[in-house]
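After this come two complexes, each holding subunit A, first together with subunit B and then together with subunit C.
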Partner chain A sequence: MGNIDIRSVLTLALIASSFRMATPIIFATMGGIFSSHTGIFNVAMEGFLLIGAFFAVYGSVQTGSPLGGMLFAIVSCLLASLIFAILHLELKANPIIVGLGMNIFAIGMTNYLLTALLDSTGVYKSNLIIGFTQIQIPVIETVPVLGDLVSGHFPLVYIAFLTVYVVYLILYKTPFGFHLRSVGEKIDAAESIGVNPKKMKYYGLLVSGLLCAFGGTFLSLSYLNLFGEGMVAGRGWLALAAINFGGMRPVPSMIGCLIFGFMDALAVRLQQFGLPSQVVLMLPYATTIIVLLVSAIIARKKRMAGIGKQDDVDVSVATSSKKVEV
Partner chain B sequence: MPEALSVKSITKTFPNVVANDNVSLFVKKGTIRAIVGENGAGKTTLMNILYGLYQPDSGQIFIKGEEVKLSNPRDAIARGVGMVHQHFKLVPSYTLAQNIALGVEPKKGIFVNQDRLNQSVQAIAQKYGFEINEKEVTLDVSVGEQQRAEILKALYRGVDILILDEPTAVLTDMETKELFVMLRNLVEQGITILFISHKLREVLEISDDISVMRNGKLIGTVNRDETDECQLAEMMVGRETLGGRMRKGAEIGDCILHVEGLSVLDNRDLSAVKDVDLELFAGEILGGAGVDGNGQEEFVEAILGLRPIVSGKIRIDGQEIQDLTTREIREAGVAYIPSDRYRSGVAVDAVVWENMISGEYYSPPLSKGMSLVLPEIQDLSKKLIDSFQVMTPGPNAKTGTLSGGNIQRVIAGRELGLEKAKVVIASQPTRGIDIAGAEAIRKMLINYANRGAAVFLISADLDEVLALSDRIVVFYEGKVFDAGYYDEGIRQRVGKLMTSGEDCIDEIR
Partner chain C sequence: MKSGSEKKKRLASWKENFADVGAQLFNYLFILLASLLIGAIVILLSGKDPIAAYVALFDGAFGSGLKFADTLDRTTIMILAGIAGSIAFRTNIINLGLEGQLYIGAFAAAWVGFTFHGLPSYVHIPLCILAGVLGGALWTVPVIYLKLSWNIPVLVPTLMMNYIAIRFTEYLIAFPFRDPGAPMAGSPRLAQSARLPRLIQGSTINIGFILAILIAIIAFWFLFKTKTGYEMRMVGLNKDFAAAAGIPVNRSYILALTLSGGTIGLGGAMMIMGFFGRFLGGFSPGYGWDGFMIAIIAQNHPIGVLPAALFYGGLANGAMAMQSATGVPQAVVAMVKGTLVLSVTVKVFIEGMRKRLQQWVI
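Let's turn to the complex of A and B:
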């Protein structure tokens, strides 16, 4: 066990597979960032990913095309997030409770549909599932190092990184993004300029559903070509950790995803070297705890440094709201 | 001079309250009009009507001579009326420019044109003579600069009538001076300003005309040059004969609570209580009048050991208590009825009997060793529910389900029921509760004082203070001024102290 050569572990292939491992987490994270900025902490992404993964497989079998599968995933995840939105925004249910409920519902529903629609239990694996194929980028694939890292991924991997940029542009560069973020950060300000907070919250939840559909599709039609009931394996929760790590900003959160992706890839790699799998598979989750701890400590330090200023703002609100006049 | 805005016979009622009673007002273009009055006089309601937040029950609104219906703030802004609220509506993480232009951003394709946004904000700021670092993040700038951004937010939308709701309440003296310079600039450019305040000194400094409101009515409008603080104060508090006096002759004993040189900071680390001396005698009810936010809360919290003190001594019967814990202070004989009964008064999710014993549960006979003596507790809480007339299904009802008045009775039962306290500090004890409940609480305080305890009643409700107190002090900008013993002239004395503090004090003496 002590004689693993570090160079045989840290290969280019490992980095490339980190990108792959990070992809579903990136999708969920970007979706979660959207809803977080409208003030909703979306804990249902684990369930959305599972629903997306299942319907991608089912759609692929039905239509014979991975794009058809993805379309199924998108529709089902949008529906699931719409249900979430209605329960929370119209019927005023607590979003954490609804989210947890959605997760349990997703497990039960996919399990049931696995039997009802695909006549399987636990796992569905079949030649009928048509997945995506990897893209070899001409010219770049022949460049040493760069070709190993950048070429030969599934299309959704590229789309994931593109999504990070698009989400960044929408949230930080468009009027819509400014209005959306004002809802989560200071709802009074949003209302004072005529933004409808509820509408923004709908957008936030629907976008998180949409992007979880992408993530789920990646899991069952790219990363693997099958559906298994435990295949999401906490990635929806890791996404929440990544959002927290990145302070709801797209690029820093993506870096969080890459750290998790790397740990995932490393875990798989280390298993090949005969390390006990129980220990190795713990890596991504142990990392999560460490990452959250470190980011909490950093955030705390920042808070302490800026405490005077922040207090000024808060207190002015607190003291002025104390005064009630008819 | 052309009119900017006028209202005719505006009436607005809320359940049980006539907030605006047949109010008429005429404001000339390019002037600063102050609207003054005590809390609850109806100033803010009137302004909210002008900004489209409330609709009047009856009456007309004219803007620039044209009759208008304002059903929401967007209507008001479209007509050129903007309002800066007391608490700002700015997104902390955005730059000032982004906040100012939020909702009306200049665009480049689908994106915000950040350069043009900054330029247009800077242009507006320069036009009106505002100094602003438009690229600074809102969170990082002073309250004064945030307020400037709020004003610019309205001006950016082309507003030419600006309503400012107590704009100086959150500012330092320096910032207030700067604000006034800016307001003068605005007026010179043809902007009309309505300025809500109850600080008469400021009002006289900045406004052209001053309208005074009391109890929902517009008492009158005077020109700045033809009035003074004392006339305004009289208009604000009125001359009505004293009615509803509940307090009859007191037997005043020795000094029980002695506060000497007390200074305390507020949550912003600014000085909230400034070198205050106070004596409270056995058997008396001392009224603490004053507009909210003049240091009352901080003063009370300091006495209770809930807030660290900067300097000073607090003695109960000669024993220094300023370094003791809150429990030790309570054991020394201080009872406390806090102003926020839901947050500090009771645990709303706990049941009635739990709240009733929460000051005493740890000592015999309510507890023995590590366990509570439930039969004793049940007896006591039943007794207290009876004697304080708490309307509750029983001692096991959840406290939060009771009405405000009944929650206050639970607190009174806990604080006064065991008759141990020598000093009772009641902060806004009847705020927001029904008339019967308020009467009951007032009677309890009187009874308690009659038994020889010292009662300090702090209330922004001047009528209540006047009805109950033997002697009155006034909180003004962190200082405490003695308005003396109750007599016929006390209402005027208190009124002046409340609105202008020491400036008037020589005249009073």
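Let's turn to the complex of A and C:
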């Protein structure tokens, strides 16, 4: 075990696959940022990703096209998030409990539909599943290093990074984003300027459902074309950790996702070197805990520094840590 | 004169209590029927007969004395998991790490069970149980550190600890404690002295079931009749208020997590010592999550956990019978469970509907 050459582990391919591994987490994270800004800590994303992954496969088999699969995923995830929204916003159920209930329901439902619709248990793998194909970017493809890193990914990988930018624009550069954020930060102020908090919360939850559909589709229709019961493997929760890490801001949260993606990729890579899979597969989860700790330490340091000069208190960090607390 | 009015008052409050319990039962009946109805629709959509499926399910769970005994054996872990969830919830700690604590507790108990030989049962069994409880409790220590020292909510860390626990125990039985003779990845067999005595011939039910009921009663007494339990509930209701009243908030959090982890760790020990006889990788089909749901359904009341756990035990035991008799996949049970929990979350809504119904009737 001791004779692994670090240079043979840390390759360009590893970095490239980190982008790939980070993609579903980025989608969920960006969706979760929307609902977090309206004050809802969306713990159902794990379930949404699972629903998305299942219906993407089912839709792909039915329509014979990955885009058809994605459409199925989007519709089912929007429905699921609508149910979540109605249970919480109309029937006043506790969002954490509803979210956890949704996760359990999602496991049961996909499990059942896997048998009922696709006639298999545990895993469904078939030639009938049509997945996405990689995109080779002309010109860049031939550039050394850059080509290896940037070219040859699945379309949803590029869309994930684009989404980060779009989410940033929507949240910070449009009146809609300002209104959305105001709901989470100061609901009275939001109401006083005529924002309907309930409507914003609906938007927040539906957007998180929509983006989880993208994430779920990526999981089952890119790279590996299959659906497995355990394929989400806590990515919805990693997304929550990433949101916490980034203080609900899109770009810092994306960095959190990239750290998790890197650890995922590293775990797969280290397995090829004969390290026990059970040990290396702990890496992403252990990293999450460490990342949470580090971000708490940084937040506290910032606050300590802020006490000296009152004007510079980092409001975003202070409010975000308050909001995420359960 | 005075005593008469007091009597009247007591009678009135008793009546109120009775009406309250009645209302609760109505709620549960409604929720149960709604969930079974959704399950039935799903079965119907897949072209099977829902009534035959439910009859087979019920028959598999309660159809005969021995089947009922096996269901009670399944109920053991459900009770302990439900209690573990309730203790944490009461203190407003959402312990999503039950599954991981279960695995660690189970492995710790198994380790004591297969490592030591030649001990008398009355020493070996308590030692294994102690190991299981400690294993489950100690697995929460990192989460406690993050919560108390850095104010990190327990939600995500407890969940991450699940994945780590499952992989870690998989590693332990794949390398250091691998038994090449085991049918699937598993540890060596426990010494006979570490096995729990069975209660009835022909069923797996063992003294663990009695222990689980005792734990439920102790948990009730602890939460509702002791000062520490009161403090924990107060912290759960409003931690700022509790802190202002001089209640040790941090101590309550520590207790909530370790007691919760210890209880489910005990459940893991019971499964290994009573049912499996060795530690098996991936032995739990989600008992931790079942416990979580049971706690929600029982509204975190240790005594309420008992019927909810029996129901879950019955579902778990009957599902297999239903699948083999009618071809309706077991997964339908998971859907019913999910619907059940989602319906309980909207209790407020159901409560409102009941009141409206009452107005119409009267």
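Methods note: the second predicted complex is superposed on the first by the 302 of 326 C-alpha atoms of A that agree within 3 Å, B and C clash if a C-alpha of one lies under 4 Å from a C-alpha of the other, contacts with A are read in each partner's own complex, and residues count from 1 in each chain.
In this text, contacts are C-beta pairs under 8 Å (C-beta built on N, C-alpha and C of every residue); 3 or more make two chains touch, one makes a residue touch a chain.
Since the model is a prediction, treat every value here as computed from it, not as a measurement.
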Practice task
Please work out whether A:188 is in contact with subunit B alone, subunit C alone, both, or neither, and reply first, second, both or neither.
Solution key: first
Handout entry: Dominant contact partner of subunit A by residue count, subunit C or subunit B
Key = C
Exercise for the section: Considering only touches as defined above, state whether A:169 meets subunit B (first), subunit C (second), both or neither. Expected result: first
Exercise for the section: In the overlay, answer first, second, both or neither for which of subunit B and subunit C A:251 touches. Expected result: neither
Practice task
Considering only the touch criterion stated at the top, classify A:107 as touching first (subunit B), second (subunit C), both, or neither.
Solution key: second
Exercise for the section: Classify the contacts of A:279 with the two partner chains as first (subunit B alone), second (subunit C alone), both, or neither. Expected result: second
Exercise for the section: Applying the touch criterion given at the start, work out whether A:178 contacts subunit B, subunit C, both or neither, answering first, second, both or neither. Expected result: first
Fill in the blank from the handout: Dual-contact residues of subunit A (subunit B, subunit C) 321, 325-326
Exercise for the section: Give every residue of subunit B touching subunit A within the complex, in rising order. Expected result: 14, 17, 19, 39-45, 73-74, 86-94, 98-99, 102-105, 107, 110-112, 138-140, 142-143, 146, 166, 169-170, 266-269, 292-293
Problem - Sites on subunit C touched by subunit A in the complex - result: 42, 45-46, 94, 96, 142, 146, 150-157, 159-161, 163-164, 167-168, 170-171, 174-175, 286, 289, 292-293, 296, 329, 331-339, 341-342, 345-349
Completion exercise
Residue set of subunit A touching subunit C in the complex reads 43, 87, 91-94, 96-98, 100-102, 104-109, 111-112, 114-116, 121, 233-234, 237, 240-241, 244, 276, 278-279, 281-282, 285-286, 288-289, 292-293, 296-297, 300, 321, 324-326
Handout entry: Complex contact set, residues of subunit A against subunit B
Key = 169, 173-175, 178-179, 181-182, 185-186, 188-189, 191-195, 306, 308-313, 315-323, 325-326
